[in-house]
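Just below is one structure, and these are the notes that go with it.
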Amino acid sequence: MSETKKTNIILFSGDYDKAMAAYIIANGAAAYDHEVTIFHTFWGLNALRKDGDVEAQKGFLEKMFGKMMPKGADKLGLSKMNMAGMGPKMIKKVMKKHNAQTVPELIEMAQMQDINLVACTMTMDLLGFQKQELLDDITYAGVAAYLADAEDGNVNLFI
Amino acid sequence: MSETKKTNIILFSGDYDKAMAAYIIANGAAAYDHEVTIFHTFWGLNALRKDGDVEAQKGFLEKMFGKMMPKGADKLGLSKMNMAGMGPKMIKKVMKKHNAQTVPELIEMAQMQDINLVACTMTMDLLGFQKQELLDDITYAGVAAYLADAEDGNVNLFI
Amino acid sequence: MSETKKTNIILFSGDYDKAMAAYIIANGAAAYDHEVTIFHTFWGLNALRKDGDVEAQKGFLEKMFGKMMPKGADKLGLSKMNMAGMGPKMIKKVMKKHNAQTVPELIEMAQMQDINLVACTMTMDLLGFQKQELLDDITYAGVAAYLADAEDGNVNLFI
């Protein structure tokens, strides 16, 4: 009788702290048996990038975007007090001290909990991301798929 | 029998990329027969400004705000990698290459799809915006109207 | 028969304008008899800080965070046009002129309307905030409590 609750998060931001918030909420919701989707769009796609260089054929602008944007969750900056990269280091230090999970660890946990990690194909196209540059076992979809999930969602957030 | 679904977006941000995300979701939802409202508040009002100079009687501070803020959707900056205006130019170049719609085009489409574009009267007052400075055929309302829409909303987002 | 409507706002941002938007929506919703919760996390905790110095035993990193972050709602910066603090002054001037409520006044009103102001214990721990540094009569909770509220929420926003 009881329907599954649904949490749908759009991760638009490419900030470490916002990705952390998104994944903490998502993992919490999954632990409470919600069906959870994180729809990564625009700068949020950076959280799904593989660390290191990946072979990909690109145009000039796409190559530039690719070089300027952080490669993977561990490289993201902060939305506040980034201070040319010092902020993320400080945050990671206190996180370690308090045994808080890092964003890469939170993403791994999300995958283990079967959270649906979606990469927005429209912005992949726009920013020149190719599938081989992103994490394995993610889904590719557009705004129509997001809306189909969100219109029955209990918790819909734009982060 | 089936009720119309509702999508209500608060556009608080004055960034080109966030306005783009808001209008893509809104236009998508309208295409799926949602009743859609975009409530423009604070910097989000800039997306509704008319291009070019408009006659308006204002106090000194309001004039300054008016001069410092972007005039219309095409002039908005980026939330990330704005790089003194170079970022928006790059984004617009890749958008053109990929035939993606610009924000002014997305707004036009929203109006054709009868999406309710609302300007928040409280922040208009605060930032010194007058009706003749904003696009035609929009609605003027406050937080009470927003809440009346949102409390029955299926998808409520703050962007 | 009619159930109480619920509004749940996550205040992640430490910006004056975003805190203002959050508290205006929250106070509006409370006026329309919603059960309202504002869950303050990350930089949003700064809005709950007491003005002035509070005795607290802290480690070095926590002390630094504490010094660098704004002490209380009145000290927050703007998300746009902060201009090294000039923006907030301008905004406060026009707010005074238009008799708009300041954020500290909006928080006071929220407390009078029995809005549930929650401080996220996980980020308090991370950023080194102690209870004596935050306003009186607030609640302390984590993501599980947020989700329990939000999964039945009518209006859920991440600000």
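Assorted remarks:
Chains here go by letter, A, B and C, matching the order in which they are written, and residues are numbered from 1 within each.
The working rule: a contact is a pair of C-beta atoms (placed from the backbone, for glycine too) under 8 Å apart; a residue touches a chain by one contact, two chains touch by 3 or more.
Note that the structure is predicted; figures quoted are calculated from it, not measured.
Put simply, chain B has to spin 120° for its C-alpha atoms to lie on chain C, with the angle rounded to a multiple of 5. Residue numbering shows that chain A and chain C use the same positions for less than half of their mutual interface. The distance from the centre of chain A to the centre of chain C, each centre being the mean of the chain's C-alpha atoms, comes to 25 Å.
Counting partners per residue, chain B has 156-158 as the residues that reach two or more other chains.
Residue ranges on chain C touching chain B, taken from their complex, read 5, 7, 17-18, 21, 24-25, 28-29, 32, 34, 79-81, 90-91, 93-95, 97-98, 100, 154-159. Chain contact summary for the complex, chain B toward chain C: residues 10, 12-14, 41-43, 59, 61-62, 64-65, 68-69, 122, 125-128, 143-144, 146-147, 150-153, 156-158.
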